[in-house]
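Common to both upcoming complexes is subunit A, partnered first by subunit B, then by subunit C.
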Partner chain A sequence: MKRIGLIICSLLILTGCWDKRELKKIGIVTAIGVDKGSDPGDLIFTAQVMDPTALEEGTSPEKASVELVSSTGKTVFEGLRKLLQDFDRRGYYAHNKIIVVSEKLAKEGLLPVLDMMKRSIEVKSYVWLCIAKGTEARKVLGVKQEGIENVQANYLKGIVENKRSNFNSATLTMLEFYKIVLGSGRHPVVTTFSIVKKESLPVEEKELGPVTDHVRLSGGTVFQKDKLVGFLNEVETRGYNWTVGRAENGIIPIPSVIDEGKPASIEIISTEAKIKPEMKARSVSFTIEINERIVLVEDQGLGEIKTDQQWFLYLEKVEREAAKKTEREVEKAVRKAKELRTDFLGLGSALNKKYPKTWKKMEDQWDRELPDLEVNVKANVRIVGSGELRGPLKAK
Partner chain B sequence: MERIQTTRLTKTQLLSMITLYEIGSTTLFAMGIGAKQDAWVVVLLAMLVGFLLLWVYTDIARRMPGAGWEEILDSVLGKWLAAPLIFFYACYFFYDACLNFFEFGEIIHLHLLSNTPTLVINSVFAVTVMYMLALGLAVLARTSELLMPIFLVFLLFTLFFAVISRHFEVSQLLPVLSDGMAPVLKEVPTTVTFPFGETAVFLFYWKYAERNQIRSTAFRSVGFAGLLITAMQIVIITVLGPGLAANATLPLMEVVLSINIGEILTNLDVLLVVMIFIGGLFKMSINYFAVVLALSYLFRATNRVVIVIITGIGILWYSMAHLETLPRQRWIAGKELIWQMDHYIYQLIPLLVWILLVLNKKRMAGREAEGAS
Partner chain C sequence: MLQERLGINDDIVFRSFDAQIIGPIRAFICYNSGLVGQAMIHEHILKPLMEVGNNERRAPDTSINQLSLALSQILNASSVREIRTIEEATNEILSGQTALFLDGFDSALSIETRDVEHRPISEPATEAVVRGPREGFTEMIELNTALIRRKITNPDLVFEKMTLGSKTKTKIRLAYMKGIADPDLVAEVKTRLSRISPNSVLESGYLEQLIEDHPFTIFPTIGNSERPDSVAMKLLEGKVAILCDGTPFVLIVPHFFVESLHVSEDYYMRPYIANFVILLRYIALLLTVYTPALYVSLTSYHQGMIPTILLTTIAATEERVPFPVILEVILIGVAFELIREAGIRMPRPIGSAMTIVGALIIGEAAVQAGLVSAPMVINMAVTGISGILIPALNSVVLFTRIFLLLLAGGLGFYGILIGSLIIVSHICSLQSFGYPYLSPIAPFRSKGWNNTFMRIPIRLKKKWLRQGR
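Showing the complex of A and B:
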């Protein structure tokens, strides 16, 4: 009896809901944007808050699925709390997918902006870190999504994750950014959004008119430590992705080897990249070696392949074309790194890993001396097949 | 008294107690991070040094079977020297228990139950531990045996998920030993004292274990714990990089929160919280019970429950009144209140006692030989 009394007492005393966060009382934030305010030193914090009622079945499709709220503050956290002055639900950030920072703010350094998010236990470090190129972060969060997702942030996250099958863009999570910035010998390349105009056709039933804004994931933003210094175009970004081993999958257009002047495309199956530093008498040189496995997925040229030998030789030529193309793309990225004097490819980091003593000596003037470095590129391509066709076809 | 004296620790119980005690609060730190990416080398070296200490500690048990540390001190050093020393040992483990106790209460307060006052969390924790220890060593041992598999499964799951997640990058461990051994060796002493040298606490417990099992079990469990701690450091460094690992308040929490496997396995902090709780519970309870053993020997107490309650209230009071906040606790734990060398002293005194024991035996043997001739 005494024991039962004790148990009942503990049930009353030891359970509690001090720390409850009711679903009905919180606003689930799906994306965060930070911009520079109009007054110097001001930041504009923007939160995209999901409205779950809009996602219920039977609600009118006109109701927006997210709310966009902004406020200005000296610090990010001040802005975040000021939101509550004109928004009714306290934000819950654990489901946040994406952080967008404007180009202007990123030029002044990202570490101070991110400090609050890294300290917070709610904002997870695997969120995507993105830069709004040529526009404001809140505008990126405010573009009506074109895709299938109901929540705009999920749409943004979707196109970031599509990078897996399209390596024209660089992607980076907050944790990866920290790792690169706090480590030595490499600078980060961050996910980049830009806004493009796009014409819509009648079937899309857009109310905004025939030409609307769209978000596009394209290229990458180069940082010198945590400060923005430049942008990569798509070719340079591909070169970057090759070098850092992030070209998981994607299509490379090459000229057809069977029918001159026609295009063909190959798909990457897997890649592996190695940066090999070599010590010379006075300087160091690098060889960027890329091993890729590819498949021929398209050849618009017309022609005929009769024997296995022809098939083999045809694919061997494709291999050579692909290697040439890869090398050219990587060289473009190397040129860009030298031009920006920012080692975003991680040459220094590779040197540190192999010759830490040499790196210690060169670390300080590394970026300045980057243009004088000798960098060779070598691509080893293995083609593993040509899809369901042996070769191209020809009408008789 | 009688009942507790007859308590015997089985092999698994001793194994789980030592393993949990060793891993204990290491889940809260990046061990040896002063050596940057070579932190795991520090842990391995510290473990080897820890083995030397452990060999001495277990050899004392072999030479003085059936005697607790308090009795050994008494018989080797004599009553007048032993009494204050036993008291100092009680203080040391009391202090250690306070640090553990406070840490766990505070972390749960900061990261999980931010609206619940620390006093409530700590009191609930303290009352539970006091109840457990009032029931005697057997309950502590059996609880550790029971919770150890849970702890291990959670730890291994955490490590496994971290390894298969996106942010695992082995290259963060390179270059190995780029600055030579100097930074590593500099970190070794502090890593020896925490957690490996802390096995000194088991000098109080050897008498409850089967004599011939002590050494093999102790080495096995410290080795096992050491390897797990090394694996933890490797995962912390590969996932966070040395820069962030050195600056995170709870590095392993950062690691756990960075895990995102297919949008399903995310927000796994609960795994870590369970680990922190179990580890903390045993680290603290084993220190706490050593204090109880020392004090009840010193004061010839017949009723151990009274000592348990007094010590428990003492721990609660001390950690609330003196440690105040986590940063203060971290600072004090290494440096301020107690002399910086205290860890070394308390962990090296057994070495001294061991030398005395060896010399004593030689002298005895010499005397016997003389007597015979």
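Showing the complex of A and C:
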């Protein structure tokens, strides 16, 4: 009996944290934004809190599905608790999908800002980390969503995840950011939001007028360690995605090989990237090798293919065009890396893997020496299909 | 003397006459008017005895010592037995025999004249089947033994007679298959039955509670059935059945936990559908035990584990309810049990309809009134319906459900984990007549597994008679 009592006691006492939260006492936070405050050293913390009753059937559509609440504090956690002074529900962060940080704050370093979120057990590590380019984080959270999702954060999350079939932008979760920043030989490229104006047509019945603000996922933000140093445009971002093997799916526009001046597009099925460092007498050179498998999905050129040989040559040309395009994009990314003196492509970590001793010697001045490195790009393309059509068609 | 003991009873009849055996002898018979067939008495006792000139030929021996022999040749009743004490005579009369007393003899005769009105054999209400025999046990023990005997036409099937209850003198029959049932088990059952001395045994439940291994557990360690086919099946597996006069429920020992999840029909259906149904019952067991506890811990501790959209929907409905979730579950749980109990006690025809309609209406109205949330009603409906799938574990699931619910309300998933561990270790500690209750899962017996979570096709079963032991 004594033993049973002991077991029960230890079951109850020797446990971790215990916290009961009734569902009606919490505010479900779907997105967090952090901005720089007006006073130096101040942070503005913004939480997007979901209002579940707005999503219930039968409520008036005018009721907004989310509330935006902001407060200022020296630290993130202070801001978070200050929120409660003018908001009735305590935030629940486990359903947070996105952390948006403003460009200005990111220039000063992200790690101090993220520290609280990484410590917290509620904020999950796989939330998307995003930079508000040229605007404030709370403005990104405040844009009325254009998509189908009812909750704005889900809309933001949706466009971030669309990167899967469109590699014009870089995406990064908080966990990946930490992994890259705390490792060596590579710098992170973070998801980037910008606000663009968009004209709407009458059928959309926009209340805010014919021109509305609109969030756009585009390019990437380059960090030197945890400090923002520059932005990539879409082509450079594609080059980045090729190199780090994140071009899972997407469209490459190429010129039609059968009908000059007409466009065509191919779709990526799978890619694989390898960075091969090579030791030379005095310096190191790199070959970025990209193996891709593609499908021809569109050829607007008109033409006719009669024999198998012609067909074969046609496909070979397409492969060549695709390879050329890929190489050009990667080269642009390399040029940008050299220009920013920031190795976001991971050349350093590839060197570290193959020649760790050399890397040890070069580690400290790596970014400075980056512009002098020789980087070759090579793309191997294999076309695996052309849809339901065998070759282009031509009206007779 | 006999009159002293029985005379004040209105249902005991004494009738005096002159028996013509070797000349007239004063005689009287005594019987219970409600338990005997009047025609039988007339035909088998009075007529042969009173007809003058009929008996001399058949009773050549005049020795009074050979009374029974003489009379057994005269009386054409099916069973005649000599009795020597008043006590014995009383018992015989009360159980429906007719006692014949002759002047000048020191013993009496008990003559089989029983003809008790009984319920016809009908489909058992508790274990309905789609495919399988439609007969169920009745309240008459003789009929019940006959029903089993008809399934197993084999002299190895033994019915042992016992009488229990110092006041009720209830007839008990112990049934087992000689050669299949473990002799130790049979001996154990006999010892336990002989050790108890209840005043009355009105239903087999009296015995069950007196001979079970663990009187303080919620788990039934003795099985029962109203179906001759399932009792026969268990007997062939080597179990012992205890029949009790006056009830259609036959006790079966030993009883294992997994048996509560099986029905005899599983063996009549083709294996594919049978296995699906068995799987369904296991799922139902988990659902009915865990659903309320999981719901409470998810909504008050682990909101991060619910998909966001679902969480929003639940949160929206909870928004209108002023109570904590655990209180809601208790509220609707009590309402559900009330409706269920009412459905059972209600006159048959409106019972089942009332249960469903009542639950729906109360659920709907309670949601409208803001007493409980709509997901809660679904949750309770799932719990209730799953519970109905496993009637044998009715009390078990109710108590484990409440136990886990309270732990979940106080500790979340951690509480569910603790509760499950306590329940599982408790089941493991149980025994049924010396056999581990959780067999064949723990202790592990691979041989028994083809009957536990699934049923293998009968063709593949080589030693199927000995399975389950």
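Just so it is clear, the second predicted complex is superposed on the first by the 378 of 396 C-alpha atoms of A that agree within 3 Å, B and C clash if a C-alpha of one lies under 4 Å from a C-alpha of the other, contacts with A are read in each partner's own complex, and residues count from 1 in each chain.
Just so it is clear, a residue touches a chain if its C-beta (ideal position, glycine included) is under 8 Å from a C-beta of that chain, and two chains touch if they have at least 3 such contacts.
Here the structure is a predicted model, which is why all the values come from computation and not from measurement.
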Subunit B and subunit C placed together on subunit A: clash or fit? fit
Partner chain(s) touched by A:Glu388 [first = subunit B, second = subunit C, both, neither]: neither
Note to self: Which partner chains sit in contact with A:Pro52 here, subunit B, subunit C, both or neither? Use first/second/both/neither.
What the structure shows: second
_Just to be sure I read the superposition right, which of the two partners does A:Asp86 touch: subunit B = first, subunit C = second, or both, or neither?_
neither
Field: First (subunit B), second (subunit C), both or neither touched by A:Asp372
entry: neither
| query | If you stack the two complexes on chain A, which partner ends up touching A:Ser125: first (subunit B), second (subunit C), both, or neither? | reply | first
Does subunit B (first) or subunit C (second) touch A:Glu260, or do both, or does neither? neither
Contact-wise, after the overlay, does A:Ala94 reach subunit B, subunit C, both or neither (first, second, both, neither)? both
Which of the two partners, first being subunit B and second being subunit C, lies in contact with A:Leu11: first, second, both, or neither? second
For apex subunit A with the CA centres of subunit B and subunit C, the angle to the nearest 10 degrees sits at 50
Check: Touching A:Glu176 in the superposition: subunit B (first), subunit C (second), both, neither?
Finding: first
After fitting on chain A, the minimum C-alpha spacing between subunit B and subunit C in angstrom comes out at 6
Dual-contact residues of subunit A (subunit B, subunit C) 18-19, 94, 124
In their shared complex, subunit A is touched by residues of subunit C numbered 299-301, 303-304, 308, 311-319, 321, 324-325, 411-412, 414, 418
In the complex, the residues of subunit B that touch subunit A are 111-116, 124, 166-167, 169, 171-172, 174-175, 178-179, 239-244, 253-254, 257-260, 266-267, 269
In the complex, the residues of subunit A that touch subunit C are 11-12, 15, 18-24, 26, 28, 30, 50, 52-53, 55-56, 92, 94-95, 97, 122, 124, 151, 154
Within their complex, subunit A touches subunit B through residues 14, 16, 18-19, 94, 121, 124-126, 173, 175-176, 178-179, 181-183, 352-354, 356-357, 360
